[in-house]
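Two complexes, one shared chain (subunit A), two partners (subunit B, subunit C).
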Partner chain A sequence: MLINRRKDTLIAAVLVAPFLAIYLLVFIWPTVQMFGISFTDAPLIGDGNFVGLDNYARLDSDPRFRTAAWNTAYFVLLTVLPGTIVALLIALGVSRLKGRAQSAVLALFFLPYILPVSVVYLIWDWVLNFQFGISMHILDWLGIDRVPITKTRAWFMPAMAVVTIWWTAGFSILLFLAGLRAIPAEIYEAASLDNASRWTVFRKITWPLLYPITSLVFTIQLISQLKIFDQVYLFSQGGRPNDNMVLVYYVFQRAFQQDQGGRAAAVAVTLFVLVVAVSVLQFQLLRLSGGRR
Partner chain B sequence: MVSVQALRRVNFWGGMITALTVVLAIIWAFPLYWGVISSLKPEDEVVRPYIALWPETLTFQHYIHAITATQIGNWYVNSVAVAVGVTLITITSSMLCGYALSQLSFPGRKLLWWLILASFMVPTQALIINHFVLVAQLDLLNTWAGIMLPQLIHPVIIIVYKQFFDQVPRDFREAAVMDNAGEFRILSKVYLPMNWGVTTALSIVTFIWTWNAFLWPFLSVTRTEMMTITVGITQVNDAFGVYYARELAAAVLAGLPVALAYLLFQRKVTEAITLSAGIKG
Partner chain C sequence: MIVKGMIKAAILATVCFAGVAKAEETIVWWDFLGGGDGVRMKKLIEDFNAEHAGQIKIDATTLEWGTPFYAKVQTSAAVGEAPDMMTYHASRIPLAVQQGVLQELTADDFAAMGIGQADFAPATWDAVTVDGKQYAVPLDTHPIVLYYNKDLLSAAGMLDENGLPKGMDSGENFTATLQALKDNGVPFPLGSVTADGNFMFRTIYSLVGQQGGELMTDGEFLAGDNGDKLANALGVLAGWTKAGLQSTYTDYPATVALFTSGEAAMMINGVWEVPTMTDLAAQGKLFNWGAVELPVIFDKPSTYADSHAFALPANKGKDMTPEKRAAVLTAISWIEKNSLFWATAGHIPAYAPVTKTPEYAAMQPNATYSSLTANMIFDPKTPLAGVAGPIFDVMSTYFVPTLNGELDPAEAVASIKEELNGL
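Up next, the complex of A and B:
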């Protein structure tokens, strides 16, 4: 018995080792180091002197950091709730279709999500092109003056929000569809016997039963939009990145373009703490709402 | 009782919602169509001041140009190598770890499980500085191994494997143990064959995720011939002037493998993605 357990432990160690090694190397070690260098004036590669909380204290008066924080918050505001609502509405529509028709329509909504961000960027850069983009024909048709959308500060973040919702909605739609499928058909049959209106059915049955999924979709989006970088970077190429600055972009610029690893790490830590806080909060909320039932 | 009029009304509005959904789906996919169709037009046709939904002259010249005159071939090889490597290593290491968590009792099991759950919260974008330092210290910048290293972890795959292994009836295991089969044998002859479906599904999405990665491949590679395709097509302009159709042809080539993977294995892909969000599909 004892030999067996020892053998078990040995085998488990062998099975777990590859994952654990990678985990320590690319998760734990960099995280520890990130916190470490955020208290120094280190360049990107190499050591620096300990400067205490200086890097953090300087953030408050750093206009570019402020822009980054505001733009990230603005982007979150423009994408998370609108994205969740759009995906829910589309999922309700798609769920009415059956069989092959449903897979075909779902595929049309889902395809963008499967594509790399570079492809999304090239397609939308073309669609939004100031001279020849098809969206400009729509502006003409609506009688609005043409604007170079990705080069205009006021239009940039809203445009990024539209592109991002278009790109990622498929994922949320998929989750909502899974949630809708899990609602037993008998409940709807009972409701239709009671002659309940479409709105009542949604409000009294679909919405409450779908709530756990809604909150999951909402948080997944919140966390991923806080980490926005790719779209903003790509669409800012040849433009004015400092106006479109977001948190990850700030980290990238400080570390990789200005060789200030310590100052960059301070913002990386800020982002890290923010994302962990949101995740913990979500976990607590789910647990609380789970405990209520 | 439900009156006939009421039923008709319900059907009418129901039909409207369905029709609206279908129309919206077509509008949604239109930018994709527009990108593909523009890449099949000659450059002078692309810049005409009106909307032509079909090319006057259908041409593959931009694709031929992309394949013969740019480094896209190189980038394809890099992307395939990195995506295959990451998929193999991630799936294998996650499967082994998931099996240990599901079937063996060992000290530290709880702690390991907790570590995996906690890692869900880690934003890898925040770790780019130290990933760069690490990969530079290992002298792996501008190599496949360097592009792969920080992408080798998807903790959710371990969780999915554990769930699936948990569902295998204990009888199978006991029978195998009676036959004196070792753990590796039990895993490869019993647990793995019973879970080929989820293994393929997870492999396909890991491949897609890696193929699509942008930030890390972009940071860790500076030499153009070592770039993955997602980075290369946005960072290298090898000609003066702007060639819209050419750029779009490159974009189509970059998106093709993942789009095909999705269209061919639609069920598997959606299953794996739903599972990876923590929902049983």
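Up next, the complex of A and C:
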């Protein structure tokens, strides 16, 4: 069959063009602008003077940036790996159920994921609120002193991690389930004929065959948790936002609260570079460890 | 015939033009009044629209208070999409002028409204003035007051013969009142928004004012002994926490709930909660309550206040027509002159002719606490001040740990000084 290559290219270009135009307009162009602004002392609106690397140099001695970077890293540590493990465990459990029961249980685990973050905040505030939260009444009943969970530094990030895992695990569970279903039943049958223990089956069959999904879930989690903002913002309202600061919140605060577009852009660029570097690094690591087998 | 036709056309055109000029002028209005006061403002707007039917119509939108409101005003003014008029905090005006967000209100504008400097208290007028120019018309002042539960205080023997709390004259006596309530089994003698440093700024700044302290002198923050005065103020509040006399780690809604449910006997909060209390009391769901000027903890009475004002945004590349401007000025003038109703939202109307009326003098609890107008202090005049502004932000960071006993007041002041002067 004759293929008109030129025509193909043309059609491809036409099909891609709308996306490309929008992508260039609302993503690439603002990103380029952001890099430019980060070298100026611009306010939120309007132009500023070129100040070179000043905005970046200031980050080094900026205590709030340090708090934000540390809290973000801490949050990633508390959510990414634990979140992946929890989702995997739940998926393994759900996959043992059959038919309607499985659908029902899966729906229960997936439900939080479809809630908007503001609803998630309200639900958990009803649970954790120091004066009126349900959990505080349980503590009273047990005779334990109440803990101001969302109001103290020590408890805030762990609480956010629990809330976030509860909220987002549903999606990861779904991915894991799809992965589990793709593993052919014959392999498990063969293993049971050989009297393989459950642990051996998991370690030698399920884990390696599920590995691509695991690394996908891990990567998605990592990128989305680095960009944490909503939960921290909502739970810090009327609280202590500066102690709970995370990087995206810091960008927001510099830009919208303190009217410093240039310094906000510098933080945003730093976060951008960080996300790219971490993702690439993590992808390489997973590829290497995957290739070892 | 042709001439006649032309004359006819000319007459027709004149009539039409006159018709256009007389057409209803719509004013786009933004505010941030989301609470009980917002309900009252909506009523005022409805009344205004009814009275000016066919001439002027206010199209009002209520937006989220604080940073979201001010960020939206700033960005929309920059692209010519801001409203025709809006509510604004007087404390934010220095920043707004620096950002070029507001239009100046000229002497002609005030003449058109029939309102002038003489109609406002000097401090209120000064709060909307930057470099001798006015940028807004003050609508009210909204100080903080002490709310109290008459039933609980009376049970503890802490009400005087006028039904006012005892111990309002010194720190020691007020602490004794709190202690008496505690001893009488009240879980939280004082409901305090201890989880929200932004909110506590108002109380703490009032206490600094009671010692004659100032936040900013000659562009320097907490110079001289002003730092010590801040530490004293923090020390008193931290002391109440230590003695178990106030609620800890309490956010704003929880504080109001503690008070209205009778778990807290007193509460320091803004006058904007007055409608909450009146409405609950009207439904028979509240105890006997009252509101008074803050206790004098230090040397002299002093209360922090801010002011809601009306301002006209400076829309980039979009000139206001004289007709529109006239309509906006009419609206502001009308609401100012009808602001007696606004006082039911707890606020003290800024327009003095209203507060001088016998109706206002009879209004409760406003009349009880309106004595504080003589002792009000406003934010320092700097672009860094104002609700949700940088000063609020820095201070709030250190207030929460100090008020809940995590941090020593002196250490907090040292950190605040360092951060504020580094802004």
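Brief remarks on what is shown
Quick note on the criterion: the second predicted complex is superposed on the first by the 256 of 293 C-alpha atoms of A that agree within 3 Å, B and C clash if a C-alpha of one lies under 4 Å from a C-alpha of the other, contacts with A are read in each partner's own complex, and residues count from 1 in each chain.
Simple rule for what comes next: contacts are C-beta pairs under 8 Å (C-beta built on N, C-alpha and C of every residue); 3 or more make two chains touch, one makes a residue touch a chain.
Here the structure is a predicted model, which means the values were calculated and not measured.
Touch criterion met: A:Phe130 reaches subunit C, while subunit B stays clear of it.
When the two complexes are overlaid on their common chain A, residue A:Glu189 makes contact with neither subunit B nor subunit C.
Partner contacting the larger number of subunit A residues, of subunit B and subunit C: B.
Of the two partner chains placed by the overlay, only subunit C lies in contact with A:Gln257; subunit B stays clear of it.
Of the two partner chains placed by the overlay, only subunit B lies in contact with A:Leu15; subunit C stays clear of it. By the touch criterion stated above, A:Ile45 is placed in contact with subunit B and with subunit C alike. For the contact definition in use here, the residues of subunit A common to its subunit B contact set and its subunit C contact set are 44-45, 129, 131-132, 256. Interface of subunit A with subunit B (complex): residues 5, 8-9, 11-13, 15-16, 18-20, 22-23, 25-27, 29-31, 33-34, 37, 44-45, 90, 92-94, 96-97, 103, 105-112, 114-119, 121-124, 126-127, 129, 131-132, 134, 137, 166, 171, 174-175, 178-179, 192, 195, 198, 213, 216, 220, 223, 226-227, 229-230, 234, 237, 248, 251-252, 255-256, 261, 264-265, 268-269, 271-272, 275-276, 279-280. Residue ranges of subunit A in contact with subunit C, taken from their complex: 43-46, 129-132, 148, 151-152, 238-240, 242-243, 253, 256-259. Listed in rising order, the residues of subunit C touching subunit A in the complex are 67, 71, 74-75, 78, 95, 99, 193, 195-199, 247-254, 257-258, 388-390, 393, 396-397, 400-401, 404, 406. Interface residues of subunit B, counted against subunit A in their complex, comprise 2, 6, 10, 13-14, 17-18, 20-22, 24-26, 28-29, 31-32, 34-35, 38, 46-47, 49-51, 89, 92-94, 96-97, 99-101, 104-107, 109, 112, 115, 119-123, 125-134, 136, 149-150, 152-153, 158, 182-183, 208, 211-215, 219, 229-231, 233-234, 244, 247-248, 250-252, 254-255, 258-259, 261-263, 266, 269-270, 273-274, 277-279, 281.
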